[in-house]
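Letters A, B, C and D mark the chains as written, and numbering starts fresh at 1 in each.
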Amino acid sequence: MINYLLFAAKRFLQLIAVVFSGVSVAFFVSHLSPIDPVEAAIRRSTRNSNVNPEAVEKMRETLTALYGVDVPMWQQFTNFWSKVVVGDFGPSLLSFPTPTMDLVLRALPWTVGLLLVTILVTWCIGNFLGAFAGYFQDNKYLKTFGLVTMSIQPIPYYIVAFLTLMLLAFIWPILPLGGGYAIGLVQEWSWVFVLSVMKHAILPILSLIMVGLGLWFLGMRALVSNIISEDYVVFAELAGVSKPKIVISYVMRNALVPQLTALAMAIGGIFSGTVITEQVFSYPGLGSLLVRAVNSGDYTLVLAVSSVAVAAVAVAIFIVDLLHPLLDPRIKVE
Amino acid sequence: MNKLLEVKNVVKKFNTGGLFSNKKLTAVNDVSFTLDKNKPEIFTIIGESGSGKTTLARMILGLETTTHGEILHEGKRVDGNANRSTRMNFMRSVQPVFQNPFEAFNPLKKIDQYLVSTTKELLQIEDDEEVKTIIDDNLQKVGLSHAEIMGRYPHELSGGQLQRTAIARALICNPSLLVADEPVSMVDASLKMSIVNLLQSLRDDFGVNVIYITHDLATAYYISDRIIIMQKGLVVEMGPARPILDDPKHPYSQLLKASVLSIADAGNGQLAPATDLIEIVNRNEGQIGKMRTYEDTRQVREYS
Amino acid sequence: MFKVFSDLMRYNIEFAIGFFLFVSVLIFGTLSFFSPIDPTQIYMLVPDIKPNAQYWFGTNSRGQDLFWQMTFAVRNSLLFGFTVAMMSRVLSLVIGLVSGYAGGWADRILMFVNDIFVSIPVFPILVLFFFVLRDDLTTLNLAILVALLGWAFDARLIRSMMLSLKHREFTQHARFSGMPMYKIVLKEHLPYIMPIVFSTALANMIWSIGIEVTLAVLGFANISIPTFGTMLYWANNHSAMIAGIWWWILIPVVFIAMTFLGLYLLSVSLNEYIDPRQRLRRMGGGS
Amino acid sequence: MSDVLTVNKLKAYYIMNYFGTKREVRAVDNVSLTIRKNEIYGIAGESSSGKTSLIKVFAAAMRPPFEIVDGDIKFDFGDVKIDPYAEDKSKVDALRWSHFSYIMQGSMSVLNPVRKIGKTFEDFALKPMGVSKAAFKPLVIEHLEKLKLSPDILNSYPHELSGGMRQRVTIALATVCRPKFIIADEPTTALDVVVQKEVLSMIRGIQQEMGSSVVFVTHDMSVHANITDRIGIFYAGRLVEEGPTKLMFEQPKHPYTYHLVSSIPRIGDTQRRTSLEGKPPSLATPPNGCRFHPRCPIATDKCSQENPELIDIGQGRRVACFHSDKVKPLAEAIQ
């Protein structure tokens, strides 16, 4: 137990390091560019809309406080961090004076929900089917499934999402075109609302599953085709242990360890995928927020979303890492 | 006495824990011996897995550093990280033979390069004809020929042939010491003795000192002059080979001998384990004790 | 080398298909060098002409000939993927080799940095760069950025291969044959590592072209240069699907699918060829 | 006394097709032998002797491209008789572990690394034993105690045990259902001498207690000398000599056996030993005639042209050599 805590502590340090470097990169990117972030941001956000001069002045103040260029770089850096650690990225320029963090927190549950459902579904089903496909290499259905996923797999995600939308919301309109819930509904814990959320989530989730499933299916199938020649599998076969038992407890169980590592590695990429999903299906998550912020030049919002994304992905990886020793008894918790 | 190799109170500890722990494993514990350049011999290190025999060999070759104590080769400290010219000088005198002949040669590469490189780099001979002659001479010494070996890939040869080639390669630079770590354990039974006999002829015909590392008491008896028997990093018995193996004094040595399967009474399975010896050995395990010297010059570890 | 290739072509159907697809796309891309038109010019032709004998791929709503437009898109996207793959391979090879070979503190520091790069989500960082740099984010700059973000995983792979090679007996044997270390790495170890570098290069091209498509579709790239992504961006921008200009979407999609499937099949079949256990299975069971 | 296993003129080859080149590897070439009730039959041979392939046939563990080309093989377990390659696969599978079992080579990786030993026992033996889960555990513990193993190991993972202990566990696993026929594939090769002796004694002990037949495969002749009742010597896919262990070591009749036995060094004996010239032939391109002739010190022209049949020479011995009368008894050779 004490070993496990030490292991968790070590991983936690790593988490801090990742978040720190990620957010710092974001900070330095904005500062090392030749453009004065404050003026550029104000120019960009005032270009399209009529913002009252008072707000502009307030904006300049907060921006200078946050990214202020009038003090040395290291001080800017510490100033920035002292605010960020308490979750203060300043007010959004677009929806002034709402704090950016409020916008981010409002969007976060949508993205987390989308990610959680798709990752769980694709990882579980993909690995399960992949294990059987790798073990029963001559099974016709699994072979066909393999071919189908193999041909979907390399298509850029955007196209899959777009085609799904076209097919199921346009040509054969059984599902809503976009949004997180039906327009006009109030966000509350009512059946109508929850049902509407679920209905709206089907398409984005479906498109993510179509792509994600293949990743795990093919990965697992490849792993399994190696594991079946391991001594312990051959030994179990010689003992006449039943096939499903061999697949699940001997083959799949051993392949889950590397697949868990792969999951930790893939979370960043999956997140990028959801940005597109949210854009295609006008889903109200972090991705949509990011795109909107970029397009409207909302400096603080872009920085906040990027930072939160880095942190969220790092936390997800951290959680997956913590599961590792539970799955593999051999890991000497260092 | 012209000292070729001096191993002085060598200790090797490995860190077994991770970043946060300080667990240490003592792989080799206070081992000392000396080899004489003018009196070539086969010096055998016997031990089971985990006895530290391979670690000791790696330290002698400079592939591992010592934690305490030192290893001197012709008076100079053996150091794997020394500069290239020092290291090259060391390699001209000390050469290894590895355990798995199929692993000792890069499977993707022809065997030639090891022989050619040794001749060119260590002997600093550039002329291709001369290189060829030297390689052929040395292959002859191990009963092979240039035509049999050159241009071949490792998988085209048997384990025995590969191991003999490895020895021929080591011989190219006329070394005074050969360190052979389990050189026959991966070789087929019908080819094994050719390697063992070769080690013997290196000593007798070419004056090479051989450190022979093995777990096999019978081949040790067959070729060794002196032996040390190691248990969990400690030397438990050392001295003249045949007297020790004929009549081991330390319980662990006795246990090893008693566990050797004999073919003398084939068909009447002599399999009863020496339980009494195992018990004594287990009782003594972990104790350091003291080395006592007997009149036949052997040293035996004894516990009070 | 040629033997391997012809064997793969004859006996590995995935490789043959992948090779065919990839070469077709490649040839199509080289046609751009013979293009009579400048791909950045707009409204040079009558817009929205369906594919016909004169304009094989039709024209788009911006009055561009989609055939020539497509050749440039293929060239630029492949070039982008290739540049990223090359640069990130150099990074992962160097870092993997140094880390695996040097060991100790150098290894620990490099692997710590590696861990960070593996877990930072690429996409938000790239968007941030686009946001700050805007027009300064040229295709080359983007390629450099993507390469900087895309080396970590494969560096780890190369490092672990290097570690195991370093401890194999033949390395020590070569050492005691007087071979200098650089020679051992170059002559003895690279033959093991290069196939991995090659197959990961293909996978990296898929990944980086995918990133370019994603960024460009959202308009987060230099949209005046035709690439797979920007072609889709303009089609969306003009609501091509809703306007019934289906070929504007379909043609890029077909080319993207061909490119990705081609690269994917090549990398899968090469991987299988490299992995000795897979090879053994193809041979049938081994001993 | 009837035989558990009868193998008649068995030919089993690997027929491979890799990138257009066909290769036929004659791993088991015309082998006839019987395994009796209650005996340990040793199979000896070096690399590429075909011994590993032969036991794959015995264990009904053949996978393409390894296939039986000719000959037949029959099991007689007393209550069931079966030809494992003629019958339905499920019938053979139903006999696994209850009637015949296997002790695998290499103790490191034969146990599922992420499964507790106790679970592995359940997977392997619960169904063949045909008892309830509640009745099963006491039976396993009883068996472990008989083998002087602590029941605590049931709660361990394989990596928590030493190599010797893991090998003992696989032996316990293979014998828990008290099968009539056990194949032991190099079970002590990776072990240190002290542990090796303990493990061998354990195998011998449980075999005698159960009265089962064991096919014991190893390249190590001194192991054969101590554990087997009879030995079959294999060379390049063929059985070249067979007989009671004692006679095989005292008066080998095949020059290859003679060499194997006479080249073993012993403590207390400094007589010079030699190796054979050459190397074992490749099974894909074996030499004509007697496969041993290129390395045989007493080979004649006849040996390079004709293939010697395995003939019965009395005393329960068979040998495949034209010149077996020229092979001297061992005692004479050594002195």
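Descriptive notes on the structure:
One rule holds for everything that comes next: a residue touches a chain if its C-beta (ideal position, glycine included) is under 8 Å from a C-beta of that chain, and two chains touch if they have at least 3 such contacts.
Predicted model only: the values in this text are computed from it and were never measured.
Chain C has the C-alpha centroid lying closest to the overall centroid of all protein C-alpha atoms shown.
Here B-C and A-C are compared, and the pair linked by more C-beta contacts is A-C.
The centroid of the Cα atoms in chain A and the matching centroid in chain B are 56 Å apart. If you average the Cα atoms of chain C and of chain D, the two centres end up 52 Å apart. Computed from the mean C-alpha positions, the centre of chain B lies at a distance of 50 Å from the centre of chain C. Each chain gets one centre point, the mean of its Cα atoms, and the points for chain A and chain C are 23 Å apart. Of all the residues in chain C, the ones that touch chain B in their complex are 168-170, 172-174, 176-180, 187-188, 191-192. Interface residues of chain C, counted against chain A in their complex, comprise 112, 115-116, 118-125, 127-133, 136, 153, 206, 209-211, 213-214, 217-220, 228, 232, 241, 253, 256-257, 260-261, 263-264, 275, 277-278, 281. Residues 230-232, 234-242, 245, 249-250, 253-254, 257, 327-330 of chain A are the ones touching chain D in the complex.
Put simply, chain A touches chain C in their complex at residues 14, 17-18, 21-22, 25-26, 29-30, 33, 35, 37, 150-151, 153-159, 166, 225-226, 229, 264-265, 267-269, 271-272, 275-276, 279, 290-291, 294-295, 299, 302-303, 305-306, 309-310, 313-314, 317. Chain B makes touch with chain D in their complex at residues 48-49, 157-161, 188-197, 215, 217-219, 221-222, 242, 245-246, 255-257, 259-273, 278.
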